[in-house]
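Note that subunit A is present in both complexes that follow, paired respectively with subunit B and with subunit C.
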Partner chain A sequence: MKKDYQTHVFTSTYTADVSGVCSAMYELGGMSVLHDPSGCNSTYSTHDEPRWYDSDSLMFVSGLDEITAVMGDDSVLIRDVVKAVEDLHPRFITLCGASIPHIIAFDYRGVAYLIEKECHIPVLPVPTDGLKSYVSGVDLAFRAFVERFCDPLEYQEDFRDRINLLGVTPLDFSVNQNVAMMRKTFEDAGFIINCCMAMGDSFEQMTHAYRAGCNVVVSSAGRKTARFMNRTAGMPYVEGLPVGPQIASALISMIRETIRDRKVRRIEADAAMDSAELSRTGGILVIGEEIFAKSLTAAVNGLPPKQRDEAAAYAMWPDPEEGIAEEDLIPAVRKAKIVIADPLYKVVCREGAPERFIAFPHEAYSGRIFRKEIPVFAGTEFSAASMLNR
Partner chain B sequence: MYRFAVYGKGGIGKSTVCSALSCAFADLGKKVLQVGCDPKADSTLYLHGGQRIPTMLDILREKRDRAVLEDLVHTGYKGILCAEAGGPTPGLGCAGRGIAAAFEALEERDAFDILQPDVVLYDVLGDVVCGGFAMPIREGYADQVYIVTSGENMSIYAAANIALAVENFRQRGYAHLGGLILNRRNVPDERKKVEELAQELHTQILADLPRDNCISEAQDQGKGVMELYPDSPYALKVRELTEKMLKKD
Partner chain C sequence: MKEYQLIKETDYEYNADLGLSYASPVRGVWNIVHIGTLVPESHEIFVCPTSCLRGVVLTTAEMEAMDRLSTITVGEDNILEGDMEEALYRGTVRIIRELPVKPRAMLIYTSCIHHFMAVNYKRIYRLLEKEYPEIDFIDCYMDPIMRRTAPAVPSLWRQIHRLLTPSEKNTRQVNLVGNCFPYGPYSDLNYLLEREGIRVMDLNTCRSYEEFLQMSRSVMNFVFHKTGIPAVKDMKVRLGQDWMLARPGYNYDEIDADLAQAASLLEIPPFTREEIEEERRRTDQSAAEALEVLRKTPVSLDYTAVDRPLELCLYLDKQGFRVESVFIDVFTESEEIFQELKKRLPDLKIYQSLGWNIRQMKRGHEGKVVSIGQKSAYFNDTDYFVNIVENDGMYGYRGIRRLMELLKEAALSRKPMKELVQIKGWGCSCG
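Then we have the complex of A and B:
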């Protein structure tokens, strides 16, 4: 039977691509313009942006109205942006949008060109559609940034110890100690963080993104950017997140090998059971962003069997376009002995299945609701065994 | 790569001109991709013996992101690569958004890098009524726009409107008007009327295509005019036009 991807009865949706763009650009000194009738901006500032009340950033919504949309009157947006630029002097502009501009085939590239001609500052068109998840938006924004501001450089021996962390936003790492611990993990291993895209580093640091030996894609929201840099300058990448000492160690070895042989590598979930065995014994289901879920799954599977209830872990992650289909999710949860996921997934648990639900809040799924309970999972101090014993 | 968009009023003969141009370019040894941008999806009909090819939007509806480039692009007469955007059920959905979605699908699949055509021809529905139908002019898809017109008033009005859209998009750094293609309907003072239009638009008539019964005779047999009547007056004029288009680029 054909799957119905449009029905979400129990489950929520992930943060949309437009918020992903704003989140990616938040700290870089630009002005982000969300082309939309208004609504996406308050969702972003209220639910998706934990830095909103603590640090300033130029985020605007265009306030697109019906007649302007129907008439395709781009001059309204252009005039407003030009005025805002005169008042606020941003370094650059990012132009993204939600579903109505998408439906009327709004010309992002052309309007960006016209604004740039008037304002004489770079304008990055990021044609989001408000229909995909933040993973898509963050990645499009980072790729647009790299394409516009970073000069591709071939690998040089001086870059040997330098790495970039790609896909870093509060949507996956929140604003607790995750980013600091992740940086520390790599720095303790002898690496220099060339740029952390994009939390804690400046515009200038970001423009030097090609001066590194390897990209470390710590969230799938950095994957397209890594592929782009690989294509334009041959920079290799490793996909993985250092969740606990074992995975951190494996990841660091992979990075060293990759810098040496320029081959792409990734941490795999490494499920220890086949599907028949899984159906019989139940397993540990990890739900979350793809690279996080695979890395945490690998961390659990790396534990001695006794510490993981003799069960193997397996990962499930949302597709950036379709999310997680409930018809796949419900049987997976029923089959699992333990589920590790954002607390909003608890609604899927029924009739005593699974035996245990371990809450692991994710900013891009439940926003601010469980923000204080988001654990520090990045770095060597995280323990998968302690998490299972919680 | 040469990238041309062909616009004009509905029923003026754009698809016939486009298919003939594709054949003439192919005869010059060029690898050609013809993209039909009309929900009717009949641009490449006579490059496939009168048989319709599956439209990109139908394939995308069925296969979603599992659709591969081979599902979207089909090889026709003389090895010409053919794609039809297609569109929604008449009266429903949004045809303009459909065109945009079909273009995005080609882009996502790196169609131009993989197929590496020498010439791309976009055959676009009548009038630039919304953003979607302007896609071939925008974002680097086409470099030159050609407008097919006869001397009939409605055709001239449509041509003027299209030229206005092209001029508007030119300010955004996009395609420019390559010229007019007069496709004769044998109305009084036809050449004179189209010349006046060309003057107003600061452009020129690049071809004066005769009304030729060969076209409908060939189509009755499910073929294009270039296939059955390659030496007809119409075919010869089209060949002259291809040379001019290549030089103009």
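Then we have the complex of A and C:
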């Protein structure tokens, strides 16, 4: 029988692609326009954007209404965007949208072209559909940015000490010290961060993304961008997140090797572990964004058996299109000895199953609810052993 | 372009819900999830794409009410295959099967996309009704694409009350319909009814589904907010309950007229001339006391706090307050009020809270300002504010006196504005 990914009796949902786009572009001086009736913008600004209150970055909803959608009257959106641009003077515009533009076959590329013609500033069409997770939206946005503003000819093989961090948004890293610690980890190893896409760096820095020897994909939300840069300039990439000193060290070695031989590498949870077997027999279940979950799992599996309750860890992550089916999730959670996951997953626990639940809040899942409790997991100061002893 | 315009330069047809919209961090106004959760022993199912689900799920999670909500995600397959009905049916059956306790009612929300998919959800509800006769199913809508013709909140109030079925009437029982907050000590209508021993029912105060169903026995529905009108009109047709709008304003003559009408409809004694005079005297005194505290401190207010912001501006101005600005996105009050205000206070600043220009406005105020409402407090960046939404259970003279008390308090003590205004669904007791 077909697996039911759609029904969520108990669990929450990861944030959507549209929030991913807005989050990715937030610090770059542009204006994000979300083509949607209403709601997606307040959801983003309330639950997904910790920078919203204290800054004035531009993100608006188009306020698509029934008659405009039925008539396919794109001139309304074009007129409204042009008016806003006249007043606000953004550097560029990002045009994304939710399910209604998708179902009425809204022409992102065509409308972007028409707006650009009137406003004389770049317009990036990012054809989201509101059906997928933020991982897809962040990636589409970054790829559109790179495609439009970055020059693949800038890439040179001798950028041996320069790296980019891809997939960086508060949805995965929040606004605590994660990004700073991650940067520090690589800088301490002798690397220069060419650009951190896209937290803490300027539009100009981002436009020179090809001036690096390697992309480090620290969240799966940067994967397609890395592949695109690999395809367009041959720039290699490594997937992994430095959660603690061991993984950081392994990742840094991988980056050096990759810069040398230009082969794609990634931190795996543990190639020797059979996840299916572990989900049947228990173990330490890590749930979260793919690269985070795999890296943390590897960090746990790297501990001496005594420090991890003699159990092996395995990772579970949401598919950007389907999420996690409860029929997979619930048995896995209840069979596990220890579960490391966002606190909202606790709802599927039963008494004594799992034996322990270690709360690890994730902004893209529980939004602002547990923001203050999000740990600093990126960098060498994080300790998987201490986390297990919490 | 300025973030505001003066009322003297503004037309009555002003509407900020045009063009690109901005969402401020102010989140006190209730949304459909908060309202739906008022139905005791019910369970909400949202059938939407991920982007729409996120907001409702986290609203519920913030209320710590995740056991009251499930979701069915609309996927690409449903769009391509046209099997949304099957997904809705299968999902609902699974939810019923897996919930630890069967709910008494299920509120199933479909969204904008379903209008375009031509989903025959009524067929599914009929099947579910047959299969689970012990559960009441009701179709609800989260479809902001229809907001110009059928906005979601009025529609939800109507749908919720469709759970009620015709029954024998009790002439000593009435309902208050369409309120996020219980009405009681700060409502003249409640005082009038309760002193005559009439039972006043309100969804807000129902503790069980059975109690909620008792609302069908009421002889009369009172509604304070315009958003409740579709519900009471529908109840008139389906349940034979008369209805009356108790206008939530600040005009003493209007308050008297509404209370007299309520008494007449229920055939109970109205307030006497002496009682009315006493109420007016006490209310004026209360306003004078608030004025004594505020003196020349400017006052700013917004539409999220009260239903009739222009009328409140007018009232405060007549009472001697220095009214400076109002945050409002569309005029829903009469043109008469608007024109009178324009004459009395031509330099009143009208701010739209949705417009793109306000995103980069320099929030703040030179000198102290007291705000009534969260949006006004946020944009003025003031900790001196009355923290209410949707009238907060205030109606009539008692309501005005309560508001004057809150205004005094607001002028005298600071509140942690940044923290308070970001709480979703202010005062929602479902959590």
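Please note the rule applied: the second predicted complex is superposed on the first by the 374 of 390 C-alpha atoms of A that agree within 3 Å, B and C clash if a C-alpha of one lies under 4 Å from a C-alpha of the other, contacts with A are read in each partner's own complex, and residues count from 1 in each chain.
In this section, a residue touches a chain if its C-beta (ideal position, glycine included) is under 8 Å from a C-beta of that chain, and two chains touch if they have at least 3 such contacts.
These numbers come from a predicted model, not from an experiment.
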Subunit B versus subunit C as contact partner of A:103, first or second or both or neither: both
First, second, both or neither for A:154, with subunit B first and subunit C second: neither
First, second, both or neither for A:113, with subunit B first and subunit C second: first
Touched partner set for A:72, first subunit B, second subunit C, both or neither: first
Superposition-derived comparison: subunit B or subunit C, residues of subunit A touched: C
First, second, both or neither for A:261, with subunit B first and subunit C second: neither
Footprint overlap on subunit A, comparing subunit B with subunit C: 102-104, 321
In the complex with subunit A, residue positions of subunit B that touch it: 65, 94, 96-97, 99-100, 130-132, 134-135, 138-139, 169, 171-174
Residue numbers on subunit A that touch subunit B, as the complex places them: 72, 102-107, 109-111, 113-114, 321
Subunit A partner contacts - residues on subunit C that touch it in the complex: 1, 17-25, 27, 49-55, 57-58, 61-62, 66-67, 70-76, 79, 87, 90-91, 94-95, 98-99, 111-113, 115-117, 142-149, 356-357, 359-360, 418, 422, 424
Contact footprint of subunit C on subunit A as seen in their complex: 4-10, 12-19, 33, 36-48, 52-53, 56, 58, 60-67, 69, 80-81, 83-84, 87-88, 98-100, 102-104, 129-133, 321-323, 344, 347, 366-367, 369
